[in-house]
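The data blocks that follow each hold one structure.
What follows is a pair of complexes built around subunit A, which joins subunit B in one and subunit C in the other.
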Partner chain A sequence: MSTVSLGKGGAAAAAHGEVLVSARGLEVHFPVRSGGPLRRTTGVLRAVDGVDLDVYRGETLGLVGESGCGKSTLGNALLRLVPPTGGTVTFDGIDVTALGRKQLRELRRRAGMVFQDPFASLDPRRTVAQTVSEPLEVHGLHPGRQARAARVQELLQLVGLDPAVATRYPHEFSGGQRQRVGIARALAGEPDFLVCDEAIASLDVSIQAQVLNLLRRLQRQLGLTLLFISHDLSAVRHIADRIAVMYLGRVVEVGPAAAVAAGPQMPYTRALLSAVPVPHPELERSRQRIVLRGDVPSPSRVPSGCRFRTRCPDVFEPCPDVDPALQPVGSAPGHVAACHLHGVVGEPVRREQPDSPVDAGDPAARPVA
Partner chain B sequence: MTATAAGEPLLEVEDLRVRLRTPRGPASVVNGLSYSVRRGETVAVVGESGSGKSVSVLALLGLLPARVATVTGAARLDGEDLLGMSPERLRQVRGPGVGMVFQDPMTSLNPVLTIGRQLVEGIRAHGEVSKAEARERAAGLLTEVGLPDPERALDRYPHELSGGMRQRVVIAIALSNSPSLLIADEATTALDVTVQAQILDLVEKLRTDHGTGVIWITHDLGVVAGIADRVLVMYGGRCVEDGTVDDVLERPAHPYTRGLLGALPDLATADEGELATIPGTPPAPTDLPTGCVFWPRCPVRGDARCETEQPPLQVVGAGVTKGLPHRAATWCGEGGAR
Partner chain C sequence: MTGQPVPQTAPSPDATEAGVRSTQRPPRPRWRETLGLLARNPTAAVAATVLLLIVLMAVFDETLAPAGPNEISVEDRLQAPSWEHPFGTDDLGRDILSRVILGAGVSLRVGFLAVAFALVVGALIGLLAGFYGRWVDDVLMRFMDILFAFPAVLLAIAVLAVRGPGAGNTALAIGIVYIPVFARVTRASVLGVREEVYVRASRSVGASDLRLLTRHVLPNAAPPIIVQTSISLAFAVLAEAALSFLGLGTQPPNPSWGLMLAEGRGFIDIAWWLAFFPGMAIFLTVLCFNLLGDGLRDVLDPRQRTLMAGGGR
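Right, the complex of A and B next:
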């Protein structure tokens, strides 16, 4: 949870401008309860476990990681859709975790969300116009029915839909069109910040491209700040200015998209990128994939020290003993990674805690001398 | 990888057509599909949702309910006609002949039975094997698919395993009777890329070790590039392009294939420009356009026949590579530049 390295983030901040959303030591822990009538708390699931992350105004930050790494929970926590159990989140300098009801409503206007499943996130009994104008009513924007209707038309046009569809219901639309409706709704409050959580995952390839292009156009046109959460590294590489990689509740590498994609500095990022298949047969056949051993550990049993050490091909002595902090790596400014290969930086693991889950029995965990 | 041209045909499909009765009227889901799979060969079937790629294999195995589906055409597995087979014979053929892996391992495994029980059931259904023997073989299969601690895994329930582990179990079940043909329908789509890489390696090993023929249904052209010998691109229930993986992905001839490849953000080339898009949406099988199935979305349509006549699959480009013709169903021919 040390934020040592981010002191150097000053250079990056200068290059990127002003920080809009910032997390420091952010934690979202869920209690794990036993079955049975007592439902005793038997453990802690560390969905987000000490995340330091800045999102700069006007950028698209891609957040990647495997299922269960906590990327969605992190997105939710930044918007206070789940309450953080530790650390801080600031939005435009305001502490999000301490907001009262009224201020929270203002945050809801300024920070929106586009969800994964356009089939589940739209109310089947509301017309497109009702869905899109709801935020306008809630926030008292464009008062008056006519003004609201005009704004809805404008929003639909903005996302590439025919304004005539306003009276139709979600079931009349294809997946791609529904996702456009979802985006129109998210844009209704004129937000500064949009979290897109797997926004293209359930769409067909040809439709994904349409939505990716739309998001990019909107981002430039409206000066939006986007957090694009996805497991699809190719899509993230395409749309994002910077990429953040998450593993087991922690951001383990952040940097300019080109630098992270072309020169990953953390073994996990390397493995992740090497596993992404590309549509070029010759290249694909000759490529050496880094196949990781085993499965991601459970977030309720996080390995001590570096949490990737149980699967890391490059594990060595300090990995179980020092929890690595993000440190500057590579040649690109603002490229940071939490890995001891770049120098042992971080907090030593406190061993006296009997409940700290050090899985000594795991053969993969043994340091390679 | 492609020492397959010599392989004998394992599965031959000719003019397969599937019509389904739906609440919205009859749907022509598969409209005249012909292809073959040889031993040790991987054929990838690519297409978007609704293109008929899954239905076409379900139809082959008699897995579509007869009340709603009309299947015509011919399909031979090892020379034996599949479509005219009695349900009993089909059951016998499916286990040792064909193994299937579906997208979601949680729905293809029974949640209330242990992994071991499900594997043993499959093994014993197709051979005179004692329980103990079957269990031993089950453990062997789990080792083969790379499940750690297979003996213990046998006594576990599906919910105790991760998604990647479950999919390995499903593959183990599909392989339990050493089928000559493995059909994988979006088998890695729900998995993370790192797990996908493990599964793809596994399938590749099976193919080289056992000469299993593989039909890999997917929408992921990256996966196709890595594992396929041959590709079949489906659109609107038809094959619109087929050929070797290099021909189809590197020298696509059909405007749809070109569109799909252009729409793909590419990690290898890292082009940051706008993605090419295919306007509109795929046609509903209840309402297919007349003429070429792709013409309403086609960027290069120009031939008078586009709107009236379905183009046949014709040899294009360099023609035949490694004994396989590169064919595309388009009127636009070579003129339809990228």
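Right, the complex of A and C next:
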């Protein structure tokens, strides 16, 4: 896929420091099987399709995109909770895709995950203490019943819960409290890296802010590196140092949060940002919305060339023929976008490729569901 | 329901979300909660009590039985129920009440052994098939299908024909028949549980497969298995009776409800009590196991549980 893009990764790294997690050409393809006893593979669903992404130590990277664009799959693949089908992931210099049993367990300690739905992510039959101490038991941290209990108390306090709740069951808590328990579990192994997969999406709005602030406080206090996956742009703008925009399995724009928010360089990012309401009546009335036509193409029938071309308001001649690579855009260092409007860079589409479903010609063509 | 808020030491904004879902209930083990709910289900509570009495009867059978099981008395043969012999006597003058009491131990022991065997083997197979899927699932479940395809009684007869009659072999035969039932129930339940986010969450902190299976998947997949256990006990008691009736289970002169039913069959038009009382014992036991199973199904269903625990007080 896009192999050209990483030359300027060096410049960005210089500005930010050390890379902690890095994906190169990362692919997660799921086979689409027919029914029946033979289960023949009839297609490929490209949930993540050639992602290049660096996460720097100590930063908060916001990953945004509409539902179904592969954000969560990407987050899971970085932690090898979903096996990648192509490309590489490195964590602190170690190739995650080729880990042995023991090393994988160590990765699980050093990289945690906070899940979307706090009502589903806690085992209903286990107490808060049992849930939070599970990583301690698995990794043999704080051995001994008393030491573990003390550590659980510490962790509960860290996320703003009364240590006395340790003996309670999840159904006795509200969504925000449950999410705090989930965060405490993720922090128990003293990880360096935390993936927050839509961690606030299923909470009430008033509680979203609390959890967001909690995450920000923990990030500073513990020096965490955060990958904050969300479809909520205003939340991401609030918490993230850098923003990565994903569309149909590919990262299409990455840059410092302020630069991406103020000067989006890719039409899709522009459309996404124009949909965020402004909390000021006059500005809100004068806000120009870019409304995209059509639906997101199915990830099992990705358009040729630029995958956004079927909905792009600025589509032009090279778009169906050249797969755009990330290239430096705008004035901020480290701001990259995959768009031919900034110069045609990328890999020409090879038409004779039999297994890539080419959706050539009509830019408005939409795959039949 | 008025809830006492879960106390928090959190920064002040948390005060607003505290206590929304908390309850006044002190933390207590889940099985006690289950027992409490079961006690409030009258049918299941009665069934459980009767079963407890039957089990107690089986345990203290020697003390309770007015006569020995094989005390033959020719002058007392085929006596109708009376004060001296409440359930009457059979063709050899043996006291039927004593034989019913002593037969409880045989019938229940075979039932419990059979179900325990089927539960352990079947649940293990279902757990592995459901959790690992793919070829493990295919191999194990096709094997279960083969076992399932045999008519149950035929399969049990085949096992007994190979191993010879007797209580232990009867239990084994019935157990083998019920393995696929437990495997299927367990697999179906595991298929649902393994997709739960908390299983993935546990994996994300490094838990091994063994840990996932024993700490998360099995406990959460257990309710249908518990219900199946209760209902299978009823069928196992019935199956023991059927096999003994056919002459393959318990051997005379040992008392067993099914065997007594078979022996009493020939006297049904002159001495109904020979078959009636063992038949009633089977009926009562099977009915109670079934009612208890139904009650457990209600109590262990999480939605019902919330309804009963939350709305009921």
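Everything below uses one rule, namely that the second predicted complex is superposed on the first by the 355 of 369 C-alpha atoms of A that agree within 3 Å, B and C clash if a C-alpha of one lies under 4 Å from a C-alpha of the other, contacts with A are read in each partner's own complex, and residues count from 1 in each chain.
Here is the rule we use: contacts are C-beta pairs under 8 Å (C-beta built on N, C-alpha and C of every residue); 3 or more make two chains touch, one makes a residue touch a chain.
These figures come from a predicted structure and were not determined experimentally.
Chemist: Return first, second, both or neither, reflecting whether A:Ala258 touches subunit B, subunit C, both chains, or no partner chain.
Modeler: Only subunit B is touched by A:Ala258; subunit C is not.
Chemist: Quick one: classify A:Arg108 as touching subunit B (first), subunit C (second), both or neither.
Modeler: So A:Arg108 only meets subunit C here.
Chemist: Let me test your reading of the model: by the given contact rule, A:Gln210 touches which partner, first (subunit B), second (subunit C), both or neither?
Modeler: both
Chemist: First (subunit B), second (subunit C), both or neither: which does A:Tyr247 touch?
Modeler: Neither partner.
Chemist: So, does A:Phe228 touch the first partner subunit B, the second partner subunit C, both, or neither?
Modeler: neither
Chemist: Which of the two partners, first being subunit B and second being subunit C, lies in contact with A:Phe308: first, second, both, or neither?
Modeler: A:Phe308 contacts neither subunit B nor subunit C.
Chemist: A:Gly176 contacts which: subunit B (first), subunit C (second), both, neither?
Modeler: A:Gly176 contacts both subunit B and subunit C.
Chemist: With the two structures laid over each other on chain A, which partner does A:Leu283 touch: subunit B (first), subunit C (second), both, or neither?
Modeler: first
Chemist: Using the superposition on chain A as set up above, list the residues of subunit A that contact both subunit B and subunit C.
Modeler: Subunit A residues touching both partners: 174, 176-177, 204, 206-207, 209-210.
Chemist: Quick check on the complex: what are the subunit A residues that touch subunit B?
Modeler: Counting only subunit A, the residues touching subunit B are 66-67, 174, 176-177, 204-210, 212-213, 216, 231-235, 237-239, 258, 261-262, 271-285, 287, 289, 291-292, 294-296.
Chemist: Quick one: which bits of subunit B touch subunit A in the complex? Just the residue numbers, please.
Modeler: Result: residues 1, 48-49, 148, 162-165, 192-198, 200-201, 219-226, 228, 245-246, 249-250, 259-268, 270-272, 274-278, 281-282 of subunit B touch subunit A.
Chemist: Would you mind writing out the residues of subunit C in touch with subunit A in their complex?
Modeler: For subunit C paired with subunit A, touching residues are 6-11, 13-14, 16-23, 25, 27, 30, 196-198, 200-208, 211, 215-216, 219-220, 302, 306.
Chemist: Under the definition above, what is the set of subunit A residues touching subunit C in their complex?
Modeler: 79, 81, 104-105, 108-109, 112-113, 115-117, 120-127, 134-135, 138-139, 157, 160-165, 167-169, 171-177, 182, 185-186, 188-189, 204, 206-207, 209-210
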